[in-house]
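A, B, C and D label the chains in the order they appear, each numbered from 1.
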Amino acid sequence: MHIGFLGLGNMGAPMARNLLKAGHALTVFDPSAPALAGLVEAGATAAASPAALARTDVEAIITMLPAAAHVKGVYLGEDGLLANVREGVLLIDSSTIDPHSAREVAAAAVAHGNPMLDAPVSGGTGGAAAGTLTFMVGGEAGDFERARPILASMGKNIVHCGGAGNGQVAKVANNMLLGISMIGVAEAMALGVALGMDASVLAGVINTSSGRCWSSDTYNPFPGVLDNVPASRGYSGGFGTDLMLKDLGLATEAARQARQPVLLGAAAQQLYQSFSQQGNGALDFSAIINFYRKQEA
Amino acid sequence: MHIGFLGLGNMGAPMARNLLKAGHALTVFDPSAPALAGLVEAGATAAASPAALARTDVEAIITMLPAAAHVKGVYLGEDGLLANVREGVLLIDSSTIDPHSAREVAAAAVAHGNPMLDAPVSGGTGGAAAGTLTFMVGGEAGDFERARPILASMGKNIVHCGGAGNGQVAKVANNMLLGISMIGVAEAMALGVALGMDASVLAGVINTSSGRCWSSDTYNPFPGVLDNVPASRGYSGGFGTDLMLKDLGLATEAARQARQPVLLGAAAQQLYQSFSQQGNGALDFSAIINFYRKQEA
Amino acid sequence: MHIGFLGLGNMGAPMARNLLKAGHALTVFDPSAPALAGLVEAGATAAASPAALARTDVEAIITMLPAAAHVKGVYLGEDGLLANVREGVLLIDSSTIDPHSAREVAAAAVAHGNPMLDAPVSGGTGGAAAGTLTFMVGGEAGDFERARPILASMGKNIVHCGGAGNGQVAKVANNMLLGISMIGVAEAMALGVALGMDASVLAGVINTSSGRCWSSDTYNPFPGVLDNVPASRGYSGGFGTDLMLKDLGLATEAARQARQPVLLGAAAQQLYQSFSQQGNGALDFSAIINFYRKQEA
Amino acid sequence: MHIGFLGLGNMGAPMARNLLKAGHALTVFDPSAPALAGLVEAGATAAASPAALARTDVEAIITMLPAAAHVKGVYLGEDGLLANVREGVLLIDSSTIDPHSAREVAAAAVAHGNPMLDAPVSGGTGGAAAGTLTFMVGGEAGDFERARPILASMGKNIVHCGGAGNGQVAKVANNMLLGISMIGVAEAMALGVALGMDASVLAGVINTSSGRCWSSDTYNPFPGVLDNVPASRGYSGGFGTDLMLKDLGLATEAARQARQPVLLGAAAQQLYQSFSQQGNGALDFSAIINFYRKQEA
């Protein structure tokens, strides 16, 4: 299949490579010349602009962009995709943005005659490279089925979450819970150790009890409890604190618009914000446990 | 073995019955005559007072009491256990109390020549009746091995958490995390549904993603997502909001004494307190999701 | 002076009337015909559109609009003020919006040759009617001096807060603190009364001690402590909970953009949001004390 | 009048000196020999123990002790005041403790035939030395009148707060509000400055608006806004963070016992706890603003 791909950053580039590996023809665009060159070298064709990409004979276009403003610009702008793409081309936005904006863009696409899906991912750059991402997809069931084989080249868990925007809803809801759980684990581990327990023994109790969660049994923030997690390598790699902050910002803003309280979600956002302000924004978000442990001079 | 058991309430009575079923001889005490009569009917011998119980030839004494004040009274009072028990009898306190008090009583016991374990449980009245409780045990390893076969008559998961008081530490740390996670799940589910998602679809996404936790995959608070949980029967049964409040009170007080911050733990305590003040203290703690959903008039 | 005025709602209408009373000639616009008619009856001239208003010979234009989207539309839209106004006309926006948007619009105005001030107000509809508003003004000092006599017809406290956008900064900072203080007073009063104190005695202690604040000594939320405040009339009138929510949304969003933590500010926003969700959004914000008091059935 | 005074620490010693200056005969006790010697040099008589002090012909006894455990020990212990004092002697406890304990001790005193007042102070060591403390007094009105002239030698604002324990209630309620307000001011000032405002201009706006409070207009935490406050001298002197933490611990514990939620009060406690854990417990509590400002390396 001939597929268009816009946005070749840390996530988009490996995703696009996996489409090439799966045998798809790929036309790509990114404002960064080196990013573009990388994909061309891997076998893709470069387009000169989003508009130029949209005017090729692609059957589907995937976008992976930093924020809602970019998504709106690329889809709705005067030289954007909708102004140039032919009817019927399937549009898939894998950016993580707020549900409201996702629905606004999807409605414009549908009005223009283009089916559209929001399909944000989880799994990070590791999952993008390995082709093991999870896609949370919002849109019509028929469009979802059409997209499934394409997405399956880039991920292994493809979930239909309901109508337009629901992929974004699922992602912000899950990640808000993740952000809260990680702080909960950090507080529980730091408290238990301060009261005299061994961290690994405590993690063992929690992981077989009602406190069990992914942040404890798979991604424990206390150094030495698990191997191969950021906590065992100085909190490098993983999912950065500032990325968690972005997702919590989307969650609390979506909650504000829905007039829905999220007291712990908002508290978690502020705690990561404090931690980031102290210079830790680039560390994996599990480093928040350092907020709860007396630091050595 | 001849065992003493003090405290025949909702938890203590079924625990004592399981000791009888396992073939132990049991001498019991409770200030409530009907509670005492129930166990006598089941085959136990009644003692007239804690002191009288302590002066029998029991090899071990188990206590299951409401709060630290009762534990201190029963163990340290003038007519209490330590003043009357012979050296060497194994003392096991299964009450949930603060680690500081547990260590104070254990130190007094050891000074008197009695090995002592703190062994709080999780699993609720259902687990107590079924003999499937989890015991989180603090104390010397040799004493733990001595207690293990006794505890195995009442529970199926017997965990040694380290020295004296660590059973209590494990319990308050786990339950604080549980209290936080449940509110996190409540906020995420209520937000997702308010933004247009189906509750079961959202729970399905979370349970296979990084938000996964016991409060979501085993005890989901949203009505209709899981069968056989309090949410599917009007939040009756289960683990009452006021019991969660008690445990969060122990956790924040232990944190205060350890000069350890627990920001989300304290926020969770206050939210359950608000919910209880509005008249919901007897509902299962997962009912906190109603705090986040517009109630019909 | 001939002045233009756009936005004749609950705040704008009485402000415009005070300009008429002060002897200014007024050309007004509002999309609501009855709102427009009311001002015409009072002596103003109606314009058919923002563009039409901008093309008159007004020396200054004041806008009083609900949110940033309206302000951007009215100033920056194709048929908006900047596209039609002549150079040099002084532009004053009294809407309460986020500082970032205020600075964006001001920069566009200056680029077009029009001095612009952001001048949000406090004092409510009562202050608007009485002409006793406080104006917090951001912009060039010279422009501020030019605006001062106009603003003095509508308010009695005209404060220069620094460069463009700083009027909005001052307002969101003050109102965030107000939102926090009111909840602080609510918690302190409810706690003291629950512990057995008389509300008026407690307020008396606080008002002469270090807890003293406007929310306690001028606007106490406990019924019966002060006369002539919303608490003494069932929380009607005053500054609605949903208006406080709007301002806290601006504050936390401005904080997010500045990467600045506001833990209590965000907690306050969520508490008012809960209170609003329970059906209390139209009550004065001091009614938040009901969140802390057991309600009768 | 012959008065007894127990507890000659940082607060008690200067208070006792002021009683001597006012012409009272003073018998004093403190477990610290140097503390005792200091007062003897100033003209007081030393007692060998609380019991010995109680057996003199004092007409009133004042205690100033660190915490509830000390108060209970001194009043209720076997060698304590109640076991040795003659009926009718007026007992005044100026310690800051929880209202529940204050009421328990007062009830025991009354049962023994001694009128008792709880009379915690505000004003710090500076107020103690200058004789300008505020006394918040709980107890019978007649006893309050009897105590007033004594207290007036040590303070200038003597407030009757109602029955036994209400002095403590007033103090914890006021100080909880103070702890919240200070963080509110810190957040508002740090946010405003981060968004481009001058700190003094912002403080000026707040101090004439609805955000006005003691923490802003009398004790502003931003360096350079006010002279002669801790913020202008590196946060030395003043009211230490760890003392604020103690009072917030009393407030949240009193709230827990009263089943009363205090969401911002608990959040404030946790924030000061974090700040203290980072090594700042000895700084004036207004230093909490550093929690909100990017620190230089």
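General observations
The rule we apply is simple: a contact is a pair of C-beta atoms (placed from the backbone, for glycine too) under 8 Å apart; a residue touches a chain by one contact, two chains touch by 3 or more.
Keep in mind that what you see is a predicted model, and the values were worked out from it rather than measured.
Counting C-beta pairs in contact across A-B and across A-D shows that the higher total falls to A-B.
The most distant chain from chain B, with centres taken as the mean of CA atoms, is C.
Separating the CA-averaged centres of chain A and chain B is a span of 39 Å. Here the CA centre of chain B is 37 Å from the CA centre of chain D.
Work out the mean CA point of chain A and of chain D, and you get 51 Å between them.
Of all residues in chain D, those touching 2 or more other chains are 255, 260-263, 267, 271, 274, 277, 292, listed in ascending order. Chain B makes touch with chain D in their complex at residues 249, 252-253, 255-256, 259-263, 266-267, 269-271, 273-274, 276-277.
Chain D meets chain C in the complex at residues 99, 122, 134, 136, 157, 159, 161-163, 165-166, 169-170, 172-178, 180-181, 183-185, 187-192, 194-198, 201-202, 204-206, 208-216, 218-219, 251, 254-255, 258, 260-265, 267-268, 271, 292. Across the complex, chain C meets chain B through its residues 267, 274, 277-279, 291-292, 294-295.
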